[in-house]
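Here come two complexes built around subunit A, the first alongside subunit B, the second alongside subunit C.
Moving on, here comes the complex of A and B:
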């Protein structure tokens, strides 16, 4: 699976969590910040984590991964960081 | 008995204390408020006893709170604690202690975000209840983020240590009684400490009479109230545009609370007002579109009204999630709202009876909760232990 595919899959889940269509307004790339650009709230993070995990399987333990993040790490989290995490977990799994 | 309320300079945290204070007064007890007098005078009944904190910069605390609101998500949480709750506690502790010593209350009711009040009560050995005006502040909203929950505990403990108060793991929360102005039917039961008492909403008719053109409301037409609360208007342009475009021409009358500058023209079925008599208006409408502030949400649900929730920040995403989990409403995004999304959501809550039925179930739970009278009894019980 290519990194680009992972990004598109993740972007689709983000749109789903945000009740949004993927349109010009929601242009997600690796630099997109969850806090500043997407304004994702903590409960939306959890919903996103559950979607990602059920799609890829439990070896992509997104729920466990975010539960170990410090506050500043969550504030600074970008879409690319999550793509990294998914790619890493898929390879390891 | 002397009961002292300690409140932060935040309207939504002061209003729920009014009905509880009224219940205490009716039982012959003496109530007083400790807080920022300029804020309190605008909200409390004439003749209320106020123990005023210094007004060095009266608007400062509110300014900081509103700045925290300009952020969202975890960034807002960080700003709110680091720039509002903690500095407010540190800055007001000595003054609070002096005022409480002089007043010598038998029992205190301390808002969860007025931490100095809790620490002073602990230091002086005065029994106190925590007032959680929004259920979100004491529930398990950070359950999925243990490191963040730990960070928040550390913030609280650092303040307590700096002020020399020994308060255990949660010095900001009463060990004896936490009053939550909601019910499990809406707020769930997860994560609340065992000393929690769900008393239901504490609603007060604001004493300021707001004029409203009641004759505009037509019998036989369905009606929707749209309000983003008092603090969010300036962020609402896109939202107001979606209201005008999406709800214009809808088979319903819409009362939109918004500044005239942001909504210069409206179609015939939309009435724009700067302010409305919200509680009175709720008896006339069929659904409410709200930012999911705790007070507006419980007011609407206590009337059995289904909701469209569009949370912006603070506890609003949590409250919005409570509403949708209970089946009493539909959530739409705030920042990326569109006319279509808003119209679909409003039509859904108006047309599909399940939303109204769920709202009615919550309204029943509110009516059966003990309300301000039960809150008053619980507070008095602390003093007579």
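Moving on, here comes the complex of A and C:
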């Protein structure tokens, strides 16, 4: 699986969570910030985590990863950070 | 999104960690949802225990019926959630109104409760509905101030979209449902009734919180209460002392 594919998968999940509220002009790339750019609410991030977890299964322990991050770090996450984590987990698995 | 239907209402649930699910987190009223527990204690607890979170009706990603917000309705909803998820006995962890719900549930269904962990919980004593409306600042200017405080506490930075969405959701719940009338018309208990609470209870309150007298009342009447009062903290103790609350919960469940 290429990094680009992971990014596109994640972008699809983000669009699903935000439904019709996603800004059409916003092109999601690795620098896109969940909080500043996407303005994702915390409950929407929970929904995103669920989609990621159910898509990648047990060897991508997204919830476990989140549990090790401080609140500020979660708020500061970019799309690329999540891609990094998924890529690392898939390689290790 | 994981949903279950309880009492005709679709509720958003999150199941974390392995079965059996035995730790159930309860969030606060109106400007809160399961994400506040998810991003603080729940994922941490889920590394060693099965965890269940749900959005109360009208909150987060659960449906918002027009009626059914009395305390007894929400106790029945919690019972329905435990039944639907096969949770026989739960450790209930509640913040603010979530703590009040946990206490009311423990009074109604003590056999389903292994322990209570309460964070600045109001108690369901006489007049609690009115006090709750006041403490939370659910209407008018007080509501705007509460939203502002939430941004400082949790969302971290300002965002028009989030602010508007939160305000819209809050007003839909406060103005579009029977919530406020239901809170004021809910059942209450005499302080002596708290003596029926025999399960272990851990309670954390802010020293500056206007709800602290409820914590002291609980410690006075329930059988087995360990009360901690944190200096310099208000009703928002969960955000002001997040690490103390989270490590308190993990320690409580590991004992």
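Throughout what follows, the second predicted complex is superposed on the first by the 87 of 93 C-alpha atoms of A that agree within 3 Å, B and C clash if a C-alpha of one lies under 4 Å from a C-alpha of the other, contacts with A are read in each partner's own complex, and residues count from 1 in each chain.
Just so we're on the same page, a residue touches a chain if its C-beta (ideal position, glycine included) is under 8 Å from a C-beta of that chain, and two chains touch if they have at least 3 such contacts.
All of these numbers come straight from a predicted model, not from anything done at the bench.
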| item | value |
| --- | --- |
| Three-chain arrangement built on subunit A, subunit B and subunit C clash or fit | clash |
| Broader residue contact with subunit A after superposition on the shared chain, subunit B or subunit C | B |
| Which superposed partner A:91 touches (first subunit B, second subunit C, both, neither) | neither |
| First, second, both or neither for A:63, with subunit B first and subunit C second | both |
| First, second, both or neither for A:31, with subunit B first and subunit C second | neither |
| Contacts of A:71 with subunit B and subunit C, given as first, second, both or neither | both |
| Contacts of A:42 with subunit B and subunit C, given as first, second, both or neither | both |
| Superposed model, subunit B segment overlapping subunit C, candidates 99-107, 153-161, 243-251 or 279-287 | 153-161 |
| Shared contact residues on subunit A - subunit B and subunit C | 35-36, 39, 41-43, 45-46, 63, 66-67, 71-72, 74-75 |
| Complex contact set, residues of subunit A against subunit C | 21, 35-36, 39, 41-43, 45-47, 50, 63-64, 66-67, 71-72, 74-75 |
| Parts of subunit C lying in touch with subunit A, wherever the complex brings them together | 1-2, 14, 16, 33-36, 38-40, 43-44, 46-47, 55, 60-61, 154-157, 159-162, 165-166, 242 |
| Interfacial residue positions of subunit B with respect to subunit A in the complex | 71-75, 77-78, 141-142, 144-148, 151, 311, 317-318, 321, 331-333, 335-336, 341 |
| Touching residues on subunit A, where the partner in the complex is subunit B | 18-20, 25-26, 34-36, 39-46, 49, 63, 66-72, 74-75 |
